[in-house]
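Listed after this line are the structures, all set down as C-alpha cells.
You will see two complexes here that share chain A, one where it goes with chain B and one where it goes with chain C.
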Partner chain A sequence: MAKWGMVIDLDKCTGCQACTVACGMENNRLPGENWQDVLFYHEGEFPSGTLKWFPRPCMHCENPSCAEVCPTRATYKTEDGFVLIDWNKCIGCKYCMIACPYGVRFYTDEKAQIQPDIKQVFKSDGKRSWNPPWRAPDNRDDWQHGVGIQPIGVVSKCTFCYHRVSKAPKGTADLDPKNPALREFTPACVLTCAPSARYFGDLSNPHSEVSKLIASKRGVRLRDHTGNKPQVYYLTGGAAGTIPTDRRGKKA
Partner chain B sequence: MSNNAISLNPQTSVINALSLVGIAGTVLSLALVFMNMIDERHASFNTTSDGIVWGLPVATYVFFVLTSTGLTFVASFGMVFGIKEFLPLAKRCIWLAFATLVAGFTALAFELGHPFRMLWALPTSFQIVSPMNWMGVLYLAYVVFLLLKFQKIHAGDWDSSASKKLGIASFIAVTLAHATLGSVFGMMAMRPFWFDGLMPVYFLLTALLSGIAFAVLMTYIAYGGRREAMPEPLQNLLKGTTPTLYASMPVVFSTVLGVTLVALAARTVTGVWSHQDGFQAFDWMVSSPWFAIEAIGMVVAFFLMVSPRTRSEVGVQLLSSALVLLGLFIGRYEFVIGGQVVPVFKGNWVLDFIEYTPSLTEWMLLVLPLSLCLAIYAVGEKKLQLGAMPER
Partner chain C sequence: MDILNARLSRRRFLQATGAAAGATAVVGGVGYSTLAPSENAHAQEKTAGGGTKITKSVCAQCPARCGIDVYTTDGRVHAIYGNPEHPIANGKLCPKGHLGAYFLYDPDRFRGPMKRTNPKKGRNEDPKFVPITWDEALNTIAARLQALRDKGESHRFALFYGRGWGASCAGLQGTFGKLYGSPNVAIGHASMCAEGSKRAKRATDGNDSYNAYDYRNVNYILNFGAGFLEAFRPYNYLMQMWGHMRTKSPKTRITTVDVRVSTTTAASDRALLIKPATDAALALAIAHVILTEGLWDKEFVGDFKDGLNLFKSGQDVPPESFQERWTYGLVPWWNVVVKTATPKWAAEITGIPESEIVITAREFGTTRPAIAIMERGPTAHTNGTYAGMCIHALNALSGSLFAVGGLFYQMGVPYGSLPVNADDYMDEYAKNGPWKKFPRIDMAGTEEWPMAGTMMQECAKNHLAGKPYKLDTAMFYYTNPIFTSPDAKAWEEALKDVFVIDTSPFPGETAMYADIVVPDHTYLERLQDAPTYPFEGWPLTQLRTPAVKPIYDTKVYGDILIEIGKRMKGPMGEYYKALGNTENVLRHLAKGFEANPGDNGVKDFESWKEKGVWYKKPYLWRQYRGEFYEWDGKGYNKKMTPEEVKAKLLKTPTGKFEFKSGFLEKHAEYIQKRLGVPPDRVGFPQYIPAMHTGGGDLHLVTPKTAMHAEGRGGNLPHAIALAQPSMGGRRTVFLEIHPETAKKRGIKNNGKVRIKSNLGVIEAIARYSPGARPDTLVLPQEHGHWAQGRWAKGRLPGNTSDICENVSDPISGLACYYTGKVTVEPA
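What follows is the complex of A and B.
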C-alpha cells in the first residue's frame, strides 16, 4: 500500500500561485477560500526586510489530530495516507478546525470573503451549497471522500486530489507530471507547478523521488513539534520561499 | 406527593413575570434566529474559517452546561453526601440543572451544521478517542439519570435505595461529562491557551461556583427577594444559621469563590508572565475592560461573602451571585475565544489578534437559551413544587 506524500522545494517555488488557481479550478473552490494557498509575508524590518512566501496545502498528517477529535469519524485517515472528510457523516461541529495546527480546513456556511457572493450568483441546487455551471459532472461527486462541491453545514479541505491519485496504477513510486502516462493521476497543484517545485509520490517506497529528496536535501515538516507528522515535506535553503519562523511574540 | 414532604409556594407574581419574560424572550429570539438563519445559515454568524471558528454560542453552551453541572453538585450535597442542610435546595436545583442543560444544548444545536445528523452519526460511529464523542454520551446518561431522579423525588421518594442510586449515578455522570468537556479544550496541544491536563478539574471547580451562584440567585428570585417568605430550613441555609456553620450557603459560597479566584489568578499570572507562543492570548484577555469587570466583580463578591458582617444579608447575597454569574459568563467567553485569537498558523505576517464581535444572531443565541431556561424554570416552580423537601 502506498503512503502518498508531497515534497515542496521552496527554493524553486516562485510564489506564482498557479497551484492555488489549479486547485480552485479542479475542486471548484470559492474565491478566497483556497484548499491550497500561498501565504505571503515579510521578515525583518526596513531597510533589511524581505518578502517571503509559503505554499500550504493540507498536510495529510500521519497522526491527524483532526481525525482524532472528530466525534463521528467523518474525518478519517485512509490506509494509503489521505486524510479525508465524509460529508455524509460530518455534523459541522468544527472541532477539526480547532484541532488542525495548520488552518487548512473550511466551513461551508460563512460570509463570502470576496464580493459578489458567488454562492448567491450560482445558488444552491438543494444538494450542493452552490452550483456553478462549470462544476465537474455529477458522476464525479464523491461525498464519502469529500470530493465535489460540498453540501451545506460541513467542513471541507484539500483531498490530495483523491479522485485522481486513488486511480493511479498500483506500485507507482512517483506521480511525475513529466510522465504523460501518469499525468491524469497527478494532483492538480503538482501538475500545474511551472518551476516543478512540487513532487508527489510514495513515501513508503525508499526509491521514490520524494523519499530520496527528503533524505538527501533534508526535508522538514511544518510545526513538527505538534506530533501531527505531516506527509508534506519542505526543502529549503533559505531563498525566497521559506518556512515561517514562529510568530514574533507581542511581548518580545 | 407523599405526606412526609412539605412544600411552600414561592411568590406567584414573580413566577408569572418570569414565565412571561421567558416565553416572550424565547419567541422573539427564536423568530430572529430563524429569520437570519433560514436563508444565510451560519453566514449570519461572525465566525470564519481563518478566524474565530467557535464563537459566542459555544461560550453560551459552555456557560449553561457548566451551570447545570454545578446545580447538580449543589443538589448532591444533600442527596448524595448527606449534608442535610442543603436538602431544601435540592429539588429546585435538579429542575434548574435540567433547565440549564436544555438551554446549553439549544445554543449548541443552532451552532452545529447538522444537529439532527449528530443523533445517529454519534452512536453509530463512536469515535472512542474523541473527547467530544464521550461528552455526548455522558451528557445523555446525565440527563436520563437527572430526570429519573427528579421523578423519584417529585413522587416523594427521597430516601429509597433506587432514589439514592439515581442521585449517585447523576453525580458521577455529570462529573465525567463535565470533565470531558474540560478535555475537549484541555487536550488541544496546538492551542496553548487551552492546553492543560488539569482543565477538567478547573472546569469542575468553576462549574460548582456557577451552580452555587445560580441556585442562590434563582431561589431569591422565586421568593421575590424576601427571605422571610422562605421555609425555615431554607432561611437557615442561606442565612448561615445552620447548626454547623460549614454546612451553610455563605461559607460554601465564599470558600468555593475563594478557591476559584486563586485558580483564575494562577492561570492568568502564569499566562501573562510566560513567553510561550500562543500565550499572547492572555495579554488579549487582561487588556479587555471585560476582564476588569469580571475580576473586580468577583473579588468584590468574595469580600462581601467572606465577611461575617455582610455575608448573611439578602442584598449582598443577591449582588454577589449576580456578580459571580456575570464574571463567570465573561470568563467562558474569554476562554472560548481566547483559545482562538492567536492564529494557529499564520506565521509572522499576522502580528495582531483576530478580531471578533458576535453578530445579532449569535447574541440571540444567548437570549434564546436564557429565556428558555427561565420559562422551563417557571413551569417547574408553578407545577412541580420545587420547594419540596423531606420532612426530617
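What follows is the complex of A and C.
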C-alpha cells in the first residue's frame, strides 16, 4: 500500500499561485476559498525589505488532529495516506477547523469573498454550494471521499486530488507529471507547477523521488512539534519561498 | 499561528458560523442555467476517458501563447491544462491559464451583434443596445465605409488593434487597409506596450524586435525591471526555466534591478531597488567597471592592439589603439560617455551603493554566458530608448549576442500563400486615391514621430484637435485605449463624435461607447493561428481549435473583417469573396508546412489541428568565440562572412553592434530638439535625466501583476480573489507606500487615499510597505474599470491611466507610463 506524500521545493517556487488556481478549477472551489493557498508576507525595510511566500496545501498528516476531534468520524485517514472528509457524515460543526494546526479546512462562507456573490450567478441545485458551468462531470462526485462541488453545510479540504491519485497504477513510486502515462493521475497543483517545485509520490517507497529528495535535500515538515507528522515536506534553501518563522517586524 | 491562519480569522470563523450572515447581493443578468445546452465540440481528437475529450488550443490571456489541453465533457469545458507536447507550455500553465472557462461562460458576455439606440455617450450613459442580425450589423458597417470611400474620405476610418494573434486575424488588416484605402488600417498598440525595447535594439544591433533568450544555458542574468516571475513573456515558460536555472549546475545567478519589491526581486540572488528612470546610469557604471577591469569579451568586442588595457576612469583612449571585431564605436563611446560614468557617479543618480554596483559588474563581467534583460520598466520614460541601449550594450560587452546561453531574434514561420493576391484587386482609388496624401492620424513615421512605428496614444488628442484631421469611424480589435491609454479620459471625449465599432465579446469601456457591437468568439470557441513571440528563436506557430461550438451568436474576428470586405463594391469585394473565410486562409497557410514539416510531424492543416502547434528546430545561427556560423543541416559548420552577418543578424549600417548608433545619428536634429542631446553625442547609449510628468513629489509606478490578463481579466472573481502578491491583496490590489512616507502625510495603514496628478485624482487603499522606496508609490495598472462586467466595474483602486499624462519617449514613441509623479493624501 502506497503512502502518498508531497514535497515542495521552496527554492524553486516562484509564488505564482498556479497551484492555487489549478486546484480551484479542478475542485470547483469558490473564488478565494483556496484548498491550496499561497501566503505572502513582507519582511524587513528598504533597502533590504523583501517579500516571502509559503505554498500551503493540506498536510495529510500521519496523525491528523482534525480526525481526532471529529464527532461523527466524517474526517478519516485512509490506508494509503489521504486525510479525507465523508460529506455524508459531516455535520458542519467545524471542530476540525479549530483542531487543524495548518488552517486548511473550509466551510463555505455565507458571505462571498468577492461581491457580487458568484453563488447567486451560478446557482446551487439545493445540495451543492454552487453550480458553475465549468464544474467537473457530475459522475466524478464522490461525497464519501470529499470529492466534487462542496455541498451546503459541510467542511471541505484538499483531497490530494483523491479522484486522480487513487486511480494511479498500483506500485507507482512517483506521479511524475512529465510521464504522459501518469499525467491524468497527478494532483492538479503538481501537474501545473511551472518551475516543477512540487513532487508527489510514495513516501513508503525508499526508491521514490520524494523519499530521495527528503533525504538528500533535508526535507522538513511544518510544525513538527505538534506531532501531526505531515506527509507534505518542504525543501528550503533560504530562497524567497520559505517556511514562516513567526518573526514579526515592528508593528505598523 | 498568525501567518498560517491569516485566511481564517476568528471573526471570519464566527461569520461563517452565523446563520444570518448577509448574502444580499442582488445580481442582474442571466445565469448559465438559462443558456441553451451547447453541443459537443467539433474537431476533438483525443479522449481522456469517461466521454471527456481533449482539444488542443492556445491560451489568450497574455502574449505568451501557451498551448493548452481543453477538457470537454458533454459539451462543457471543465478543465484546462498545459499541452505537454507544446514547447512553450510543456504541460504547465501560469495561474491565469486555468481560468479560461471563466471567459467562455462569463455571464456578462455579449450574446450577438447589437446597435446603440442612445445617441449620448459617456461613462454613465447606458448605450441602450438592441440586438440586430449579423447581416444588418455587417451591412451597416460596410455601407458606412463605402460612403466614406465614395466621398474620398476613407482615411477617416481607423482600425485599432492590440493583441493581434496571427495571419488569420490581425494579419488580414494590412490588406484591408490597402484595398480600402486608409493609412489608419491598422494602428497597433505597440507604443503603449514595450516599443522602447525594440527601438533600443534597432539602434544598436539593427533588429527592431524583442529578443529570444537561451535561458537553458545562461549562467548569469542581470535583469533590469523585467517582471520575470510576474508579467514578462512567455511567463509560464520563464517559470519553467526558473526552476531549471535554480537547480542546474552551475546555478544561474540572478540580479534584479527594479523600482519595487516583487516576487522577481524576492526570488533573485540580489535585488537592487533603483530610483525610477535611472537604469541607464547603473548600466553605464557596470560597463565602466567591465572596461576598466578588462572583463569585456575580447573575442566578440576586440582588444587593444598591444593587449594593454587603456580604459582608466576619466582618461581618454586613442581610438587607433583598439581593434574592434563585431562592435563599432567602443572607444568613442568610452571617451564621450563611459569614462566618467563611474560607480560613484551612478550611485548618486540611482541610489544604489557604489559597492553593490562594483560587485554586480564583476559578477556579470566574470560569468559566461551572461545576459542583460529588460523590457518596459526602464524604457517607459522619456529617456527610455537610451536606457534600453545602455542595458543592451552590456550584451555586446559580454559577447552574448547569438551565443550559447545568450540572446537572439525570432525566426518567422514558412506559411503558405493566400489563395488570392491582393495586388490583383487594387482599383484606381486603392492605388492613387486621395487617401494617399494623408498621414496616419497618430502621425507615426512623420516628422513629429520619425522613429515611431505606431502612436495609438496620440489618436484621441489628434482627433480632438482635428490635426491632421477628424476621424469618422473607428473599429477596435483586442484593444481598449479608452481605459488603458495614458490620459484615457481624452478618449472618452474623442469617441463621442466618432462612429465606434467594437469587436470584443465583453462589455468593456470601448463597448460602452460603441455604436455597433460585432462580438468575436471567446478564445475557446475560435479557429485562429498564433505564431510565437520571440521565444527560443526557432520558428513556431500554433492553432486554436474550438473546444466547443460558439455558445452565443458570435463570429470570429477574421470572418467579421472578411464579411465586411465582401460587402464592399468593386475589386475589394471580389477579393474577399475569393478569400472566403478564415478557415480557408488557415488551410492555405498550412500548405507551407508541406515543404517544411514540423519536428512533431505537422505537415498540413489537419495535423496542425491535431497537435495544436507546428515548430522546427534549430535556430539557424550561432556566434561562437567571435565567429558567426550558420547551420548546414548537421551543425553550425558554415562560417559566415561579415556581409552575411550584416544581412541576417547585425542589421545596422556598419553590420556591427553599434555603440555609436547610425540609426539615431540620422535623426540627430530631431533628437536634439526633443531631448536636448547635442548632435555629436546623439548616437551613444547614455543617461539623460527623464522628464517626469504629473507635477507631484512621489514617483508612481504601475506594474502588471501575474493574475492580470491584460485588463481583460477584470471580470474574473477568481482572479480578483488572488490579486496578491503585489501588493498583499486578496480581493484588491493596494497602493504600496513606505510607512514613513505615509505617516508624514497622515495616511493610515489600510486607509483610503487620493492619488493626484495634473490630470486628476484616483482613489486606492494604502498599505504600509516597509520594503518600498520612500520616494516611490506602487499601484498595479488597469484596475478601476467603469465597465467590463459586474465584478470588474466600480472596484477600487482607480485606473492609473486616468492620472498618467500622455507623454512619450520621442525616439521610440513608447508611452511613458512609469514616469509620472503624484501627490498622495488621505481620502
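The rule is simple: the second predicted complex is superposed on the first by the 244 of 252 C-alpha atoms of A that agree within 3 Å, B and C clash if a C-alpha of one lies under 4 Å from a C-alpha of the other, contacts with A are read in each partner's own complex, and residues count from 1 in each chain.
What we mean here is this: a residue touches a chain if its C-beta (ideal position, glycine included) is under 8 Å from a C-beta of that chain, and two chains touch if they have at least 3 such contacts.
Quick caveat: nothing in here was measured; it's all calculated off a predicted structure.
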Touched partner set for A:M97, first chain B, second chain C, both or neither: both
Chain B versus chain C as contact partner of A:K12, first or second or both or neither: second
Partner, of chain C and chain B, that touches more residues belonging to chain A: C
Which superposed partner A:A136 touches (first chain B, second chain C, both, neither): second
Contacts of A:G126 with chain B and chain C, given as first, second, both or neither: neither
Which superposed partner A:F54 touches (first chain B, second chain C, both, neither): both
Which superposed partner A:P195 touches (first chain B, second chain C, both, neither): second
Partner chain(s) touched by A:H42 [first = chain B, second = chain C, both, neither]: both
Which of chain B and chain C A:P180 touches, first, second, both or neither: second
Which superposed partner A:K111 touches (first chain B, second chain C, both, neither): both
Chain A positions touched by chain B in one structure and by chain C in the second: 39-43, 54, 56, 94, 97, 101-103, 107-112, 244, 246, 249-250, 252
In the complex with chain A, residue positions of chain C that touch it: 1-8, 12-13, 15-19, 21-23, 25-27, 29, 31-33, 35, 48-52, 73-74, 76-82, 84, 91-99, 101-102, 104-105, 107, 229, 235-237, 239-240, 242-244, 246-247, 261-263, 265-267, 271, 273, 706-707, 717-718, 720-722, 724-725, 728, 730-731, 738-739, 749, 768-774, 790-791
For the chain B and chain A complex, residues of the former touching the latter: 40-43, 45-50, 53-54, 112-115, 117-118, 121-122, 125-127, 129-133, 136, 184, 188-191, 275, 277, 280, 283, 339-340, 342-351
In the complex with chain B, residue positions of chain A that touch it: 33, 39-43, 54, 56, 65, 68-74, 89-95, 97-103, 105-112, 152-155, 222-223, 226-227, 244-252
In the complex with chain C, residue positions of chain A that touch it: 9, 11-12, 14-18, 20-22, 24-26, 31-32, 34, 37-54, 56, 94, 97, 101-103, 107-123, 131-137, 139, 177-178, 180, 183-184, 191-197, 239-241, 244, 246, 249-250, 252
